[in-house]
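Pasting the structures here.
Paired with chain B in one complex and with chain C in the other, chain A is shared by the two complexes that follow.
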Partner chain A sequence: MVSIAAANFARFGKREEDIFAISSESALPIVDKYRDAIDFVVVSNSYSGEFNDISGLNNLLTTHLAMDSVPSMRVDNTSGSGGSAVLVAKSLVASGEAENVLVIGAEKMTGYPTKRSTRIIASLLPPEERLGGPSLPSLAAFMTRSYIREFSPSRESIAKVAVKNHHNGALNPYAHFQSEVSLEKVMTSKVIADPLRIFEYCPVSDGAVSLLVTSEENSRSFGSKSARITGAGASSGTSSITARESLVSIDSVRESARKAFRASGKSPGDMDIAELHDMASILEIVESEDVGFFKKGEGWKALETGETSIDGRFPINTSGGLNSKGHPIGASGVAQTAEIYLQLTGQAGKRQVKNAATGFSVSMAGFGNNSTSFVYEVD
Partner chain B sequence: MVSIAAANFARFGKREEDIFAISSESALPIVDKYRDAIDFVVVSNSYSGEFNDISGLNNLLTTHLAMDSVPSMRVDNTSGSGGSAVLVAKSLVASGEAENVLVIGAEKMTGYPTKRSTRIIASLLPPEERLGGPSLPSLAAFMTRSYIREFSPSRESIAKVAVKNHHNGALNPYAHFQSEVSLEKVMTSKVIADPLRIFEYCPVSDGAVSLLVTSEENSRSFGSKSARITGAGASSGTSSITARESLVSIDSVRESARKAFRASGKSPGDMDIAELHDMASILEIVESEDVGFFKKGEGWKALETGETSIDGRFPINTSGGLNSKGHPIGASGVAQTAEIYLQLTGQAGKRQVKNAATGFSVSMAGFGNNSTSFVYEVD
Partner chain C sequence: MELNRCAKCSEEFVFKRAVCPKCGSQEFTKALVTGAVALDSVHLIATPEPFPDDYSVVLFEAQGGARGFCRTTFEVKRGDRLKIKDDENGPVCEPE
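And now, the complex of A and B:
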């Protein structure tokens, strides 16, 4: 069984340092402790070429970390890169190709006008749909309108995702935003793509996070606190937005979760905590339904009852989610695994959920054209 | 045991089509035959962002191929991307995470001034060394000078790599260059980085190639001609050129080959054919020594004796190598595996080597800061 045996963050946010420094900040505590054991480095990163004029980031990083002989590669899946990188690390360990894999998720995106960042990220849309001018934020607005039309949630319940996740982020020393926001402030903030407002979107962030992915046996011999990955599932959905039957459900999220639960022998109801890909507020709600935590059309009610709050029955995005923790593209999926690991091993500090023994994460690419889900357990 | 069960090329060269069309051209014959079986797509590509203004190429490709639910990811390791992608596919199959993986290696690089291409690719060099202005071609020239100083080969023997590989390329319908070149023409062609001349470098190419990576059992049940991957090895070396002890040996090539041979239980002397990463003529010679086919300093003699010619005792780069087949970055490593597969299964047409039952390939990143080696066998 493959386990996570260490996780460490470099704070997400606007960082002055370059991508090497941020990546190293996240990796060094793990490298210092496990240097002789690490035999593969998987770097989760999407846009080092576009944002940083760097290619082969993985090789430059092993050199930077003085791990010159350790093999490495870069894994990319846009916003879902982290899930793919963890899946590669898991497969390398499970197949015996490697024993102890250092996963580094990193992106350095700030320092450019938002328009340029948005344009770079929109390069993941099908060329024929890019011509029409949609960007990822506007697609989330379409989804919100469809969801409201179809299920009549209160508008406030959607905004409450941002309130909840900013509350959690304020408890997370690695989050981009570390202050609470009131419902009133969210609901009166600048409209980005009608009806969604600025506090309902993740910010553009720099950041990095590292994991040690290893076997359960190695983890035990290291004496590390560890969490097992008991199920993984990957799936795609069409990249074409216009070809989708529904805008209130994401095929790849649903299918990847189904595979991960089937592989683990667990069901959504068995989970204690979850990290979902809340690039926009509505996405947390839609995904919470698609993976099976709530019935379709009813996920928004959990925001009204407080069920998914950090002190609720089933906390979602205890890390602050992308919404408050930030979304350095290549780092985000790795950060989800890191958060579940920290929670399940009692290392989540002020945001610690008591007695959490099972967890779920879904790392989503683009606007849902690819997802990787994981189920985690500790004894 | 993991096997290659199919390979198909889209011709390398200057192509008018976009990267989707070229990739599909290589993948469709495999997709048509194995559509229901393929459960993962691994795309080997480095520079779709920089050259084509496209991110998330893997997801756009599954949509383009009407494989909307099949999960995918992009694997990058600059010039060595293909080796990493095949390693990921092998690990996905060996770990049970996938059964039948379609690997698509693709790059679309032409249409820009060579200076711009060279600058983009130089973004893989350490930032502090980029300031000094070296490019990959100039590093190969340094290597050539060091090799000549240390081992006194005839200058012609180095140029003969280009003569041999152009001869092989002329037999390969998928090669960028399909005509022979005389030693005299090579030796009097334009100097690119003294002492290396233009025919000794790979061209800038577009191209794609696809593989089906599966289990031996599945391959048998498909009734496919197949070749087993009996050993794999990955290793890095420092990205810093100035930090290297020697410029006539490449640590990552040596170490990755050692690992692959150890894993397979075979030795270099057991191999019938090999594909090496001949971005420049000198590299074929240096690598042929580093992986253990010849003693250090003696690889050049094989070009004099004709030992590594297609009708010699031990043919190297029957495909034409990067030198003549071309070097669409993300495709090159996948193309090596494809060539060995075609040779070992008797599908190599005019360049077929008789009775080849074992093969070796090394896919190298950058100027050797990362390599992935494979040993292949058929019964």
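And now, the complex of A and C:
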């Protein structure tokens, strides 16, 4: 069984350092301990070309870490790069191609005008659709409007995703935002794409996070605290957003979760915690339904009852989610796995969920163009 | 604004493809958008380059079923029939 044996963050946020410094800040505590054992490096990064004028980041990073002879690759799958990188690392270990894989998720994307970074992110849309002027945030607004028409949630319940996740982020020393936000403040903040407001979107962040992915046996022999990946599932949906039958459900999220649960032999109801891809508030709700935690059209009710709060029955996005922790694109999916690992091994500090033994994450590319889900367990 | 129409089954798409996902044909012709109706509209403040700073993105469905996006500075409501033309950045629309 493939396990996570270590995780380490470099603080997410607006960072002065370059992508090498941020990446090594996250990787060095792991490299220092396991240098001789690491036989593959997988770098999750999507936009080093566009934001940093760098190609071949994986080769440059291994050299930066004096791991010049360790084979490496860069995995780019837009916002879902992290989930794909963890899947690649898991497959390398499971196949015997590598024994101990260092996964580094990193992105350095601040410092550009919003209009430029919005353009860079929108480049993942089909060219002909892009000509009509949508941004990724505007797609979340279309989703919100469809969801409201179809299921009549309270508008506040959607905004409460931001309130909840900022609360969690304030407990996470690695989160971009370190402060709580009131419902009133969310609901009166600037509209970015009608009806969604600025606190309901993830910020533009720099950041990095590293993992050691290895076998259960190696993890035991290292004496590391470890969490097993007991199920994984990758799935794809059409990249043509306008061709989708429904905007209130994401096929790739649903299908990747179904595969991961089937592989693990567990069901959504068995999970203690989850990390979902909340690039916008509505996405946490829609995904919480698609992966099977709630019935379609009812996920918003959990925000009203507090069920998904950190002290609730089933905490979602204890890390603060993308919403508050930030969304350095290549780092985000790796960060989800890192958060579940820290929680399941009792290393989550002030945001620790007591007795969490099972967890789930879904890393989503584009606006659901594809997704990778994982189920994690500890004994 | 032009659509891509499958030469075999006449399915129409905004997204240009090498293979028709309905019938597998690899031959396409171009067709003009006609009879477009707004399905929804989102007023967008933070817009991407190279577009202007403030507009709404309209999700429309054309007569043959193809869906796409166009920009507008008009108030467009769900169900409005649209006139679509192209400016230097892409398709723009207004209510008919």
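FYI, the second predicted complex is superposed on the first by the 379 of 379 C-alpha atoms of A that agree within 3 Å, B and C clash if a C-alpha of one lies under 4 Å from a C-alpha of the other, contacts with A are read in each partner's own complex, and residues count from 1 in each chain.
The criterion applied here is as follows: a contact is a pair of C-beta atoms (placed from the backbone, for glycine too) under 8 Å apart; a residue touches a chain by one contact, two chains touch by 3 or more.
No experiment lies behind these values; they were computed from the predicted model shown.
Participant: So, A:Pro126: does it touch chain B (first), chain C (second), both, or neither?
Facilitator: Both chain B and chain C are touched by A:Pro126.
Participant: Tell me the contact category for A:Ser240 with respect to chain B and chain C: first, second, both or neither.
Facilitator: Once the two structures are laid over each other on A, A:Ser240 reaches both partners.
Participant: Which partner does A:Ala193 contact after superposing on A: first (chain B), second (chain C), both, neither?
Facilitator: The answer is second: A:Ala193 touches chain C but not chain B.
Participant: Taking the superposition on A as described, I'd like to know which of chain B and chain C A:Pro173 touches: first, second, both or neither.
Facilitator: Neither partner.
Participant: With the two structures laid over each other on chain A, which partner does A:Asn369 touch: chain B (first), chain C (second), both, or neither?
Facilitator: Touch partner of A:Asn369: chain B, not chain C.
Participant: In the overlay, answer first, second, both or neither for which of chain B and chain C A:Arg116 touches.
Facilitator: second
Participant: Which chain makes contact with more of the residues of chain A, chain B or else chain C?
Facilitator: B
Participant: Which partner chains sit in contact with A:Glu255 here, chain B, chain C, both or neither? Use first/second/both/neither.
Facilitator: Touch status of A:Glu255: first partner only.
Participant: Looking at A:Gly306 after the superposition, I want to know if it touches chain B, chain C, both of them or none. Which is it: first, second, both, neither?
Facilitator: In the superposition, A:Gly306 touches no partner, neither chain B nor chain C.
Participant: In the superposed arrangement, does A:Gly349 touch chain B (first), chain C (second), both or neither?
Facilitator: The answer is neither, since A:Gly349 touches no partner chain.
Participant: Overlap the chain B and chain C contact sets on chain A and report the shared residues.
Facilitator: The overlap between the chain B and chain C interfaces on chain A comprises residues 121, 126-127, 239-240.
Participant: What does chain B use to touch chain A in their complex?
Facilitator: 40, 46-47, 49-50, 53-56, 58-60, 62-63, 67-78, 84, 87-88, 90-92, 94-97, 120-121, 123-124, 126-127, 232, 234-240, 251-252, 255-256, 365-366, 369-370, 372
Participant: Going by the contact rule set out above, which residues of chain C touch chain A in the complex?
Facilitator: Listed in rising order, the residues of chain C that touch chain A are 13-16, 40, 42-51, 53, 55, 57-59, 67-71, 89-91.
Participant: Quick one: which bits of chain A touch chain C in the complex? Just the residue numbers, please.
Facilitator: Residues 114-116, 118-119, 121-122, 126-135, 137-138, 141-142, 145-146, 190-194, 239-240, 242-243.
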